[in-house]
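Following: one structure in structure tokens, then a few remarks.
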Amino acid sequence: MSYNTFGRVLRFTTWGESHGPALGAVVDGCPPGIALSEADIQPFLDKRRPGQNKFTTQRQEPDAVRILSGVFEGRTTGTPISLMIENTDQRSKDYSEVAKAYRPGHADYSYDAKYGFRDYRGGGRSSARETAARVAAGGVARAILPDVTIHAYVTEIGGDAINRDNFELAQIERNPFFCPDEAAAGRWEKLVDDARKAGSSLGAVVECVATGVPAGWGAPLYAKLDSELAAAMMSINAVKGVEIGAGFDAARLRGEDNADPMRPGTNAPQFLANNAGGIAGGISTGQPVICRVAFKPTSSLLIPQQTITREGEATDIITKGRHDPCVGIRGVPVVEAMMALVLADQKLLHRAQCG
Amino acid sequence: MSYNTFGRVLRFTTWGESHGPALGAVVDGCPPGIALSEADIQPFLDKRRPGQNKFTTQRQEPDAVRILSGVFEGRTTGTPISLMIENTDQRSKDYSEVAKAYRPGHADYSYDAKYGFRDYRGGGRSSARETAARVAAGGVARAILPDVTIHAYVTEIGGDAINRDNFELAQIERNPFFCPDEAAAGRWEKLVDDARKAGSSLGAVVECVATGVPAGWGAPLYAKLDSELAAAMMSINAVKGVEIGAGFDAARLRGEDNADPMRPGTNAPQFLANNAGGIAGGISTGQPVICRVAFKPTSSLLIPQQTITREGEATDIITKGRHDPCVGIRGVPVVEAMMALVLADQKLLHRAQCG
Amino acid sequence: MSYNTFGRVLRFTTWGESHGPALGAVVDGCPPGIALSEADIQPFLDKRRPGQNKFTTQRQEPDAVRILSGVFEGRTTGTPISLMIENTDQRSKDYSEVAKAYRPGHADYSYDAKYGFRDYRGGGRSSARETAARVAAGGVARAILPDVTIHAYVTEIGGDAINRDNFELAQIERNPFFCPDEAAAGRWEKLVDDARKAGSSLGAVVECVATGVPAGWGAPLYAKLDSELAAAMMSINAVKGVEIGAGFDAARLRGEDNADPMRPGTNAPQFLANNAGGIAGGISTGQPVICRVAFKPTSSLLIPQQTITREGEATDIITKGRHDPCVGIRGVPVVEAMMALVLADQKLLHRAQCG
Amino acid sequence: MSYNTFGRVLRFTTWGESHGPALGAVVDGCPPGIALSEADIQPFLDKRRPGQNKFTTQRQEPDAVRILSGVFEGRTTGTPISLMIENTDQRSKDYSEVAKAYRPGHADYSYDAKYGFRDYRGGGRSSARETAARVAAGGVARAILPDVTIHAYVTEIGGDAINRDNFELAQIERNPFFCPDEAAAGRWEKLVDDARKAGSSLGAVVECVATGVPAGWGAPLYAKLDSELAAAMMSINAVKGVEIGAGFDAARLRGEDNADPMRPGTNAPQFLANNAGGIAGGISTGQPVICRVAFKPTSSLLIPQQTITREGEATDIITKGRHDPCVGIRGVPVVEAMMALVLADQKLLHRAQCG
């Protein structure tokens, strides 16, 4: 794995900045003969696309993906699949303020500390626009996983959580928050809009469930399925926490309440609970694989914040421009993509070792 | 990275099962000329060693580490450092029950599903004994980080959390729980002992802080410092959650409360908060690097649990033998080791790219 | 390392087929702050460009490289550098014959055996056009190596070798064969032209010398500098042999004639010979790094050859179209690029471990 | 891949010095359920073992391999297999001369230049003893390849080549040179013995043939089967050249003589020649995989050589002690091991991608 590459046998490498001519991903190791076209990938990008409502950034990007290699006559050839998305709405903005001072909570200072300078236009490489490349790569991963279904959704915004009793998967498509609880979605409209109007922002928790994962994917110990998922999710911009199954709550359960009992099943054991989130000892159990991801509130704010300039002088900064008041919402398709990419990689890795 | 290898330029590979003759780690990529002897590593193993009090497993292992290569005349040579720890207390136990049926919450079923069979003696490769090899490797990593101080401690057992107002680092060495709050440590004695007597087990949360990490370590995007830490921590047995800085709580903060403001400092900016946990955009900021890790309660219980046999028949199982009533306690030196290994790797990786 | 990625800390991934819309490389891990523009890379592509004389393929490709990311205000940012070259002269040719039958010596059969089908247009991924992406990536690598000078040249075509007494580096630029021996270059005109007219092809040996490499780059044992070079060179299309320093001739020398004696030098030892090719124990000695690469004759021939169809029927095939009568000639800039990429990676890797 | 690790999905890491307590290899990624015991590996080590006749070093090492992990009840478990060989004959020799001055042709100077100091006892990590660990790992690889037969043999010593008309595979076991030509073996007795008596040494060429490799293993472009073999072979101590199939001779053939024609076969094409050495476009063709490896003469000589001390003073050095007059001979089992390790890795890698 390199700095901008993820995966072991199915690998993808992303490139591109917020304000360059384009961004993209190269997916390597894809099995041959899989039907794949741009139409298979575009819907995932559309789901992530900005500017679709007032709850996300108003940047307008068609985010149309092009397949530049690795597909011939509608099928993958087994060679690298190059995916490219052009940047079109790079508004000619005045970035002089961001160039001069560090936005708290952003990567401005740490990039400067590491590299000596940075592409300050729209966050450069640290921009959430990079996630478009992941989502495109995730579209390829899904094609490798015809029997796996992946759904992510928002379970909490700004501390206001869904009610699990109201959980309805079909709701996810029906509101701008990918929220499975209709009532919560209703409350979030005002919550997010108020934050937006105040020039503030809100965090969110995104949950992701993959069903159809057979028992046996993953590996001890440093390629544990949960370890790969943790790396994958924590690599997404703004993510500060990852948990599998019961997660932090497992630390509050007694052993007899946390372990998932088994009863005889038809083709596989029947588990009576899924606190493990479908993974035991780093290997899938055949239960749904479940993880939860914490997104911090975006640090782009209209509320002035104390900071320093590149020269070390005290100043205040506000971040004008088009921003997501709750970046976690558009994180949903990104989390799904990373889940797909990890699972597809592990599927192939399992096949390598165990045939 | 391979299944049992972790790291990019400083890499370690662990091997060994609970009941084999030995276990160990090979650490590759260590800089040359660093003073290193077994005496530098042994204290960390001693900290993790079982059988030291009634709150941990009664298995008695001296866990004496031997350096088999890579050190000459007291200094690292730059070639692989092979570390070996012999297993000595492999009690001649009857494992027939574990061989026949799956212990819920353990890797028994998933290993069988993946590999077709398993070394059932004491958990085989999925045993927490593997962490001894990590702790030894971590001792090498610490020698690469003379300016970094790493402390982990338990902040919560069985849902009973420390009071941050009582936080006193020196307490950690004074109680068997690595607890920085004397009062909590007092409560935990009864809590853990009761669980032990009941044949039950408890989960824990471990926090780890590294100070002295300069700004600039880490990288966008798939080698983000937080992504590496997440992978490292989630690869530890029984870990189900990882968070950086404010972690899941960041998802409940407003942007202006979460972003860490900056003021001019002497050699570096002065940050007025550290919700980021010392990492922004995947790169260290110079603030303390902070992560928190959730350990589930061990699944080895004297309370009967519903399960199935390898043949798929319903049965009940209890796990006799010597077990930790709260495996998170002995997780403390393991978490420290993984923090050290990630940071040492990132130090070298940063040097590779940025000189 | 993945299937289409090369390198350890400086990594590049290439993508693209002969007849797709474009091909390219993503270079990751480049140090920040290095001056880089398309003008720094284009000259190497121009050197490799087809259609420049009758001794190379008549395909006309401008091979204009675009930098799509990783460079800001004329300097590398430390983030991935995406390089793209559009395919423009994809002549609308009839490939039905190549689609139906296997060209001996080409990858047609082995690709079909592996992947079940293949992109048969111009060789698809196995086309020598892929080397354009390497040459572009090599341009980045050279920018990382300001103190290293790399020259490759042809020492032998079709078994007709240069006379080392005539060796003159300046000649390389003066003839279409990158030949350092003016007399040999004269002979080769007829040799190559005759082969071309006969619809045949010729092999070649390319030698590459890198001066300015300091002692200490490389590593034992599976990252030996010579091992990396061997992998790099053998990954080039049509290469069948690699040797370092005296190479196969070393197997014919006695120990006392092969070992390179040392005498005191000013800042470094003075070596009295360089049979080692500048590498001992996998680590550079400070002498020029020397390797030699054998290119087979291209298998695209106008002379009919016995083969079989995809259905296994006997047939004869000739390969019409535009081909290099001696593919080794245009291999010269490719060999240089791979030398640069290996050395730049090893420079950074050495810095990681040894500071 | 790390410095001391080789492979992609089947990976091995070696450790150990000539004069440490032991050396070993950790093999990771081995499929589960394969019958494996020390008795399966020991014969390969016995073949490599020193001190068996006057044509190899007189060091006496039983080289008994121990399996420390990864095997349970006689079968591989899928977890890392730790192999250890103790060093027993570390003669208490005076190394003060080697510590003070650099032996030409050895890694003494380059190690010092890289690491600042070195373990000078018997070459330390650069000793050919490291190859014992590879041979042990190769024993595991062979168990993964039940249908592949691998034979290596010496085709040339000190410039005296075998006569291909005399080639008889059975001869390999009958002479101390692993020579398939009885007449050449006879000549080599005097040749090698004379060199030994003169305190000199000789180079050798080793050829390796693997039959039973199905079409389809390998990959474009940087994981080409030939590229992997080149890296593997060039990583062996004393190797200076590698060629595949016709190798450097291919550079002297015309296209129509080099391309291997095909005729219809029963289950696979019938190839009328094998200049490609069983690999086209980096992917196996189903023909025997053939490579040739050039070993330089060992640089340990009783003939005085000009050199310098660590302080840069001129001096002469001779290398007393027990050395191979022709290190290529004992290279035969090492070359076989590396062939097995590459093929086993590619077998699994192919399975990952293509099922």
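As written, the chain order gives the labels A, B, C and D, with residue 1 at the start of each chain.
Here, a residue touches a chain if its C-beta (ideal position, glycine included) is under 8 Å from a C-beta of that chain, and two chains touch if they have at least 3 such contacts.
Bear in mind that the values here come from a model prediction, so they are computed numbers and not experimental data.
K.L.:
By the contact definition above, name the pair with the higher C-beta contact count: B-C or C-D.
P.N.:
By the number of C-beta pairs in contact, the winner is C-D.
K.L.:
Find the chain most remote from chain A, comparing centres computed as mean CA coordinates.
P.N.:
Using the mean of the C-alpha atoms as each chain's centre, the farthest one from chain A is D.
K.L.:
Just how far, in Å, is the C-alpha centre of chain C from the one of chain B?
P.N.:
Computed value for the inter-centroid distance: 46 Å.
K.L.:
Mind checking the centre-to-centre distance between chain B and chain D? Centres are C-alpha means, answer in whole Å.
P.N.:
Roughly 39 Å, centre to centre.
K.L.:
How far is the middle of chain C from the middle of chain D, if each middle is the mean of its Cα atoms, in Å?
P.N.:
Centre separation, chain C to chain D: 26 Å.
K.L.:
Find every residue in chain D that makes contact with two or more other chains and list them.
P.N.:
Each of 2-5, 8-9, 14, 29, 32, 78-79, 114-116, 125, 220, 353-354 in chain D touches at least two other chains.
K.L.:
Which of the residues in chain C end up touching chain A in this complex?
P.N.:
Those in contact with chain A are residues 2-5, 7, 9, 11, 13-17, 20-24, 26, 28-29, 32-33, 66, 68-70, 72, 75, 77-82, 114-119, 124-125.
K.L.:
Give every residue of chain A touching chain B within the complex, in rising order.
P.N.:
Counting only chain A, the residues touching chain B are 1-6, 8, 14, 102-107, 109-111, 113-116, 125-126, 130, 156, 158-159, 195, 200-205, 214-224, 226-235, 237, 239-248, 250-256, 258-265, 269, 272, 275-277, 279-286, 294-301, 303, 305-308, 312-314, 328, 350, 353-354.
K.L.:
Given the complex with chain A, which residues does chain D contribute to the contact?
P.N.:
Against chain A, chain D makes touches at 8-9, 29-32, 78-79, 220, 348-349, 351-355.
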